[in-house]
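Next up: the structures, one after another.
Below, chain A partners chain B and then partners chain C, in two separate complexes.
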Partner chain A sequence: MLAAIVLLVPLAPGWPAVKKSFANGEVFAKTFPGLLDAFLLDIAIFAWSAPLIFAAGLIVALMRDARAPALYPLRLLGIVYTDVFRGVPVILVIYLVGFGVPGLGMPRPWNSPYLWGTVALVLTYAAYVAEVFRTGIESIHQSQRAAALSLGLSESDTMRYVILPQAIRRVVPANMNLFIALQKDVALLSFIGPVEIFRQAGVYKSLLANFTPYVGAALIFLAVTIPATRYADHLMAKQLRARS
Partner chain B sequence: MARLEVRGLRKSFGANEVCRGIDLTVAEGEMVCLIGASGSGKSTLLRCLNLLEPIDDGVILLDGVDIAEPGLDPQPVRQRIGIVFQSFNLFPHMTALENVLLAPRRVRGRTREALMPEVEALFARFGLSDRMEHYPDQLSGGQQQRVAIVRALAMTPEIMLFDEITSALDPELVGEVLDVLRDLRADGMTMVLATHEMGFARELADKVCFLDAGTILEEGPPAELFSQPRHERTRAFLSRVL
Partner chain C sequence: MRLTVSILALSVASGAAFAQNDCAAGKTLTEGTLTVATGNPAYFPWVIDDAPESKQGFEAAVAYAVANAMGFSDDQVTWVRSSFDQAIQPGAKDFDINIQQYSITPERDEIVDFSAPYYSAAMAVLTRKPVVDAGLDTSFEALKGVKWGADAATTAVPMLAEIIQPDEAPLLYNDNADVVEAMKAGQIDAALFDLPTALYLGAVVLDDGVVLGQFPAERTEKPDQFGMLFEEGNPLKACVDAALEQLRADGTLAQLEATWLSETTGVPVIE
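Let's turn to the complex of A and B:
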């Protein structure tokens, strides 16, 4: 199959043109450093979004796990939240939050696309991460809870010291997969302003009338996501072995 | 006077009534053994005494005070009544020592330093001094169960409940856990055990209660109950297990 592609595609009538505009070595060399530079912004956005997503996801998961009848409104809120933000495409949330909120006429720095873009990513990804945490919490056997309560621990200490540490460890691979997806979705913020790698590639494309910068950008993403994906798979396999 | 007194305890899970009016009295320093087939209600009764399960009807008096009243905070009661489970239920992400320290530190607010002398003494007493830094999965079943007992004792409970604590152990490990119970018995601990170890019950119990279909069908000193059971069902059960 691969061999067929390698052999046949260059025979296509448009190949020389495609090769020139997508795999132009000269353009690649010229734009690659600039792309790497722009990628630092992707990494920065990822770096400050990820801890926020982790914290928000955990809070939403705990809301959904609230047992006391008096806390039912909290629980309902958690359910509505995860349903809504898992149900809407990320790009729509980014558009609505990223253009909508600054559109209220807020002064600097409260109209920054970095700020509202981050909020949009956190809102969306926290919903997914919350669901992962919730599965983790539910996977811890009831007997652990019983043992903790029987020692006189409160419900909140039981969650904090006994259930959560085990649950969070158990869902590390699942969360890693989400954070790999987040790393890619950071590029969507380019639609509301920030000149990160995808946007920078677009700028080069227009300047040089050549698509090679997009290929460069793709290679840079792969250089990060492939090792991360392999590592997540490795963790998952390790857990499976440990449990069997 | 009775330390613990149960009257008319009823507990259902859905349509299945597991405890159908249980009456039980445990005096200070007494060791009471609950025997009976699986599903007769022994475990559920113990879980109710520790308030892990809310009861549907009846009273549980601890020093004459009803602890099963709805709406009562179960936490202080659980600190006074310890329980050890069949499947150990140690916290797998903590070392043996951390398992033991967690509740006294969080619930009683005591420091690690203040706790260490007595906790070390407990580990030493049950032959676990060299296992304090081990994680549960690095310990044998018998060691895990002894750590679970140390964990419960570290809260200095007044009454201990044991729910078939040797049933999940390999036969050669049962002895070391029963030795712990002998030790506690000699120490005067008030205990209620659900057990299948008839020889042990006969040797050490002050009172043996035979549970059948959610009620205590018959109770008495072990010498009496084991040699002259009054009920046909008790006789049938004993002839199966002895």
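Let's turn to the complex of A and C:
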């Protein structure tokens, strides 16, 4: 099958034109260093967003787990929040938050697209991560909670010392998947100004009227996401072995 | 007089059979029709009200003038819309010519074909009144020091890097509307556009827009000239070039420019 593709595609009448536009060695060599440079910005945005998402997701998950009747508003807020931000495309949140909030008239540096783009990413991804944490928390058997309480631990200590350490560990692979997705979605910040790899590739594309820079960008993304995916798989397999 | 009328009548009568002049015959997508692409949306003053069929706006008017010079009547021009990416992707195109402020560059010319230039665009600095009040003027030191923005798909990007060389890396956006939005949000101080676009955005879209100055179109290095875009190797290019040459020689192009882009003369030049 693969051999057929490799052999037959170059025979298509449009192949020379496609090759010139998508697999142009000269353009590739010329633009790749600039793309690598721009990718550093993606990594930086990822690096500062990920811990924030982790923390915000955990807080929202705990809000949704609030059981005391008096805390119902918190719980409701958590539900509404996850519903809204899981339901809206990331790019819309980035546009609305990235242009809308600074438009209120904030002075620099508080109107920075990096700042509000990050807020948009955190808002969206925290909703997903919260749901993953919630499944983790709910997967810990009720009897553990009851046992901890009967030993005299408070509600919050039960959560902190008994439930969460197990829950967080259990959902590491699921969260890994989300963070791999985040690593790609970081590129969406380019819509509100930052010149990261996707935008840099777009600039090259416009100037050279050639799509090869996109191929270069895709390769750079793969170089990071494939090892990360393999690592997530490895963790999942390890967990499966431990449980069986 | 009678002779002219009968010749006119004759040419109208034969119009159906010989819709275009010999040059364009058999070279268009649909015989007897010139399919012209423009942006979606198409912006003022290039196309007025996003309605190129109305012939209002500089590029709409130029497209009809070129079509007429090639022997197409106004009814034989149909419009389609295309993005920049659609225009440069390999393969068959759904337009004969594409007119949306494409700057002619040698690199782009390797992938697609361009007509002779129909307009030489000066680049202009668009900013807002508060920024000017805060001390931005046309000196290079002042220009270097502010936060820049530009439309990522335009030749404004390399111009910024080569001529102004700002201290901070510019922010880039998908289209003009986004650049203006960032300017309103105070995320960028100034942006580089072709002059007619800058004038429009400064006067209509921004409440407090100021076109600070222009870099003359005739600068020696990298002049920004707009050409119509064709699929690589399209034989129609020769006909369009001839038509443009004719329009330039008889003054039609200059006249259209005066009609639609006349305000551009009052803007101070940045040396």
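Here, the second predicted complex is superposed on the first by the 244 of 244 C-alpha atoms of A that agree within 3 Å, B and C clash if a C-alpha of one lies under 4 Å from a C-alpha of the other, contacts with A are read in each partner's own complex, and residues count from 1 in each chain.
We take it that a contact is a pair of C-beta atoms (placed from the backbone, for glycine too) under 8 Å apart; a residue touches a chain by one contact, two chains touch by 3 or more.
Predicted model only: the values in this text are computed from it and were never measured.
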| item | value |
| --- | --- |
| Which superposed partner A:150 touches (first chain B, second chain C, both, neither) | first |
| Contacts of A:21 with chain B and chain C, given as first, second, both or neither | second |
| First (chain B), second (chain C), both or neither touched by A:113 | second |
| First, second, both or neither for A:43, with chain B first and chain C second | neither |
| Touching partner for A:166 - first (chain B), second (chain C), both, neither | first |
| Chain B or chain C, by number of chain A residues touched | C |
| Chain B versus chain C as contact partner of A:219, first or second or both or neither | neither |
| Contacts of A:8 with chain B and chain C, given as first, second, both or neither | neither |
| On chain A, positions contacted by chain B and by chain C | none |
| Residues of chain C defined as touching chain A within the complex | 84-85, 88-91, 105, 107-108, 110-112, 149, 152-155, 157-158, 169-174, 178, 181-182, 184-188, 232 |
| Sites on chain A touched by chain B in the complex | 143-144, 146-154, 157, 161-162, 165-166, 169 |
| List of chain B residues in touch with chain A within their complex | 47, 50, 52, 74-76, 78-79, 82-83, 85, 87, 89-93, 102-103, 106-107, 148, 151-152, 155 |
| Interface residues, chain A side, partner chain C - complex | 14, 17-18, 20-22, 99, 102-103, 105-108, 111-113, 190-195, 199, 202-203, 205-211 |
